[in-house]
Amino acid sequence: MSKKVNVGPVGYMPQSAPSMGVELSPEGKGLLYGEIVEEEVAMKEAAKALLTMENPTIFPGPQVLWDWKDDVADKTNAILELASEIPNCRIIPMPDYRPKYPKIDPEAEINPNHPNLTILHNRIKACIFIGVHCHYANLSLRMIRSGADCFTIAMCAFMGHEEAMASIRDVHASDVRRFKEILIQVRNELGIEHTPTMPPPNPSLPDEKWDDLSPADYGEYRHLIMSKKGEHVTDVE
Amino acid sequence: MELKRYNIRISGLGGQGVVTSAHIVGGAMDNAGQFASLVPFFGSEKRMAPVEAYVRASNQPIYEVGEVVYPDIIMIYHPQVITHGKSYTMPFYTGLKPNGVVIINTDVNVLNKEDKAVLEKLNTTVITHDCTKMAQDIAGTELATNMAMMGILLGVTNLVSMDDIEKAVKERFLGKSFVASGGTASLDSAIEKKFKKKEALLAKNMEVITAAIDLVKSKGWAR
Amino acid sequence: MNKELHDIEYLLKEAPKKKHFITGAQAMSEAVKRASVDMAIAYPITPQSEVMHLVGDLYAEGHVTEYYRAEEELGTMSAVAGAARAGVRMFTATSGPGLLRGLEAIVSWPGHRIPAVLGVLTRVVNAPLSIQPDNIEMAYLLHCGIVMLHAENQQDTFDMTLAAFAITEKVDVYIPVSVSTEGFFVTHAKGYVEMPDEKLALTKHDPYAAPVPVMDNEVPPARIQRDAPVQKSNFMSYLIHSVWQQEIWDSNRRAMKYIYQYLGGPIEVVNPDADVFVLASGCAAAQAREAQRYSANEGLNVGLVKVRAIRPFPETEICAALKNAKAVIIPEHNIEGWLSKEVRAAIPNGGIVVNGPRVYGGMTLPVELIMKEIYDAYGMESHVLQA
Amino acid sequence: MSLQYMVPSANFKKYLPKDYVELVDHGPFGRDASEVGAEKIGTFKELVEEHPMCSGCWMAYFIKVFFAALPNPEDTVTIGTAGCGRLAISQAAVPFIYGNYGDQNAIASGLTRAFRLRFPDRNKDVITIAGDGGMMDIGFSMTMHAWIRQEKFTTIMLDNEVYGNTGGQESGMSMKGAILKMSPTGKKFDKMPATQLAIAAGCVYVVRMSPTNIKRTAKIIRRAIFAAREVGPTFLHVYTSCNIEYSIPTQDVFQDAKDREKDRFKFDEYMTDEVAALIEKLEPKKEKKAAN
């Protein structure tokens, strides 16, 4: 089959998939390499990528990271079930969309303003975007296609993404579970042995000890946060 | 169906009911199941200042919009339009198409030699009649001049029946929403005051129109 | 106000309709009346367009929930962007110099993902000041990413305005939609408009069905900046602004399927087998339609291509329609001929484009001028039009 | 219940960076000012921490205090414009709108009205926080007209008396005689009377201050927000020096702020009777959070 949208890197200035003539799939269909296909076909190819490429990773976005809607609990359960069936799978969240100063910890998160920091640092060759708002998902997917060799999968609650190698639209918890079943089937076909395992937790810095924290912990900057009447600290910088 | 189309430009002076008569022609066409479009003039609306209005009348839907630049029929409500150049379109026959009609409210010769030459070359039918006098004679006011002029136009084009016209006149003076400029609206109310009762106003207007149409018939001006 | 809510397809296609004889400005406000608009912000540009004071009347009657008169257009357009970010359905309209004054804000709407409908009732923008119609201002909108519809008449103005509300809020579009029509020629003139009853209205805006988080503190993430100030740094990619711009134009492109669905497509072709075409948008299309009919009466094989959507520009459709054309006459209401340029660049044989006829500065575009070009295209002698 | 959008979903809590988890577990969301007020900075997870502003920047300090003083951070939207301030404001865990040049008070007008339309029974605090250039020069008409229209939100002007972010040009709020870029021979006219303009335009609560006293600064910010919820537009004119463009040694930044407090930023609080009554009601004793 022809591949309008293929694994990158496509280089310095990517052409957007819609401008190459890729259109979103209609309800009930998926997109695979920019072509409209049966959902199952797209799911199978996506599963194969997750099972055969290095460092498969799920990037959950704000819409599933926070408990803002009734369906979040079920959907997150389904995502974790899926993750547990993918050997060596990791979960790296996209918790917000702003450019983050001074720099993100690429092992702890992915940021739409520079997604390749995370993709390249962790050598991620296959990934799923889920729960990311469409605008930011599109930006990230295109930048990844531009600068990395990563098979991108979009599991979208709305209409899907032209930019992903595989795109599934109108995704609910049941669709994530359906994808999981297909993934298990493909895994068995490929003869990969696996016992369900949860991905490791976020490796970001350990909790600060908030209980005994005091301005003194801020050292030379303490006057900037706690000035007392009449105090004039001169011994800084 | 053969396309019949009259693109009409009306030039007159503020206070003569130019826009009002355009609305009535449009209304009459509508009532007759025919088609018309109006373009109200967009500018200063003062007494005795130049006013122009445009009407397109047809037996088929009308698509085009804007001023009538190339009219089939030109109506001059006041001789000063020609003699004093009180017009937005100078000379008054600008854009007139061949075989057209010019209707001038006057019984004296207001056309100079050059005007006549141009109109002759275009094979124009020039109709002149003192409609102001007609209005005064029949309705007792020169404010009905526009009714007389309109009567001549309707007689010449012969597109609508008397019933259609009467209904349109009623709508204009007795209500049913229309967009009127501030100027014409106040003028309408001035006419109303003069006649005290709207019914009387209507009857007089209809008399003027009927007389004008009869005039067209008697003179053989109808197209 | 209690209304019977329906989707756009029902309102435009299935709902029983009645014919009304109204002005273009009224047609636009009648569409707003049926669009469940939450809020409208106005700045006087009357008399060129009375749309926004008619919308004020809708507010007084309860058809629009919130409304105010802003300080000037930059304030208006910025406030529209603020309110839309808060998740309400927005409408405003402007004209000529007002559009240009608000332009800084308007051209940023697409990038900020502002779903709003903007009425553009065209008028002269060039000095000296004038209130006459001329659509050169649309050229200033061509390159900002906004979806641009151009209405031929009062009916188009109604249909396009109503459809615009549905299109702008599609998750895969979510950029503003402008509905332009010629000031005076359409806004002040009456035409027949078929409309569903005013008790019917478009389904309400769902701010959570969106490609960006609405900024209402109800949806994660907390750390949102929908409109990040982007510059090259170690935490932002070189590419971020480029792909963002691409996303806006992709969204613009995605609007096309809805233009097909709701408005019958980006172009209308009359007599597709013609050898000479008149191609036009807005009220120039009305003049072109008339010219096509006159031509047919005279036995000339002339076709009409009416362009409804200026953005996304129907390049493929126009190329297909003009495939066998020997000449394309493009009448326009502006001096620059922006539509001619677009078409000339889009078709493989741009040489067949006849430049004009064009009128500007408020002048009428007489059908006779188009006819003259048609006669010329056929090598016929035309009647000399006297000055 | 908007706090919910701040609470990590149970399944993913362990997959979130600690930073985000701490915002809820140890941050000010849903907690009382007595626990997490500005005076307690350093003992709880702040809404803004790392930011790219200059070392020793007094504006950055004020912005930290500002975020710590918010009575309802989970229901607050900030709006800014080009300028230094947004560098830190955009790093806070509070939605931030960065529109076009100087348009913050127009955006806030639309946003506030839309919030009141969508959530008539809730308090959603809208705060514009921008520099002197954005508020008094390029955004002047939008600033003034939002006040004149009695739009119910809080305007905070971070006045460093110069265009800092663009490299030190004269602003309307620079002092007469100041030699800056674009005023190479000294500024020819006076600093604009921002607070007088605000009062004339109908702001119901107007304060000019140099924020040297954390406790008072926090109290003023909260008063301005409460008054905007109930009564009308409020305005804080805050001295936030630019130690770069005015060459203030870092160790003198605080002293400079104190000096300004003695002259042109002398503490000045204006309020209408209605606001006075409101404050009376909200602060029966010492600094107490209003019941929401």
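Points to keep in mind about this one:
Labels A, B, C and D are assigned to the chains in the order they are written; within every chain, residues are numbered from 1.
One rule holds for everything that comes next: contacts are C-beta pairs under 8 Å (C-beta built on N, C-alpha and C of every residue); 3 or more make two chains touch, one makes a residue touch a chain.
Remember, predicted model here, so these are calculated numbers, not experimental data.
Contact with chain A and chain C alike is made by D. Greatest Cα centroid separation from chain D: this falls to B. When every chain is reduced to the mean of its C-alpha atoms, the one closest to the centre of the whole protein set is C.
Distance from the chain C centre to the chain D centre is 39 Å, each centre being the mean of its Cα atoms.
Mean C-alpha positions place chain A and chain B at a centre distance of 73 Å. Each chain gets a centre from the mean of its Cα atoms; for chain A and chain D, those two points are 34 Å apart. Chain geometry summary: the mean Cα position of chain B and that of chain D are 67 Å apart. Multi-chain contact residues of chain C (touching two or more other chains): 218-220, 222-226, 228-229.
For chain D, residues touching at least two other chains, in rising order: 5-6, 90, 96. Each of the following residues of chain A touches two or more other chains: 65-66, 68, 95, 98-102. Applying the touch criterion to all chain pairs gives A-C, A-D, B-C, C-D. Across the complex, chain B is touched by residues 21, 23, 153, 182, 184-186, 188-191, 283, 286-287, 289-290, 293, 297, 364-368, 383, 385-387 of chain C. Within the complex formed with chain D, the chain A residues making contact are 60, 64-68, 72-73, 76-77, 79-80, 91-93, 95, 98-102, 105, 108-109, 199, 201-202, 204-208, 210, 213-215, 217-218, 222-227, 229, 232-234, 236-237.
Residues of chain C that touch chain A in their complex: 113, 171-172, 174, 209-213, 218-226, 228-230, 233-237, 239-240, 242-244, 246-247, 249-250, 253-254, 257. Only residues 3, 30, 37-40, 42, 60, 62-70, 94-96, 98, 118, 122, 179 of chain B touch chain C when the two sit together in their complex.
On the side of chain D, the complex with chain C involves touching residues 2, 5-6, 23, 74-77, 79, 82, 86, 90, 92-101, 103, 106-111, 113-115, 117-119, 124, 141-142, 144-145, 149.
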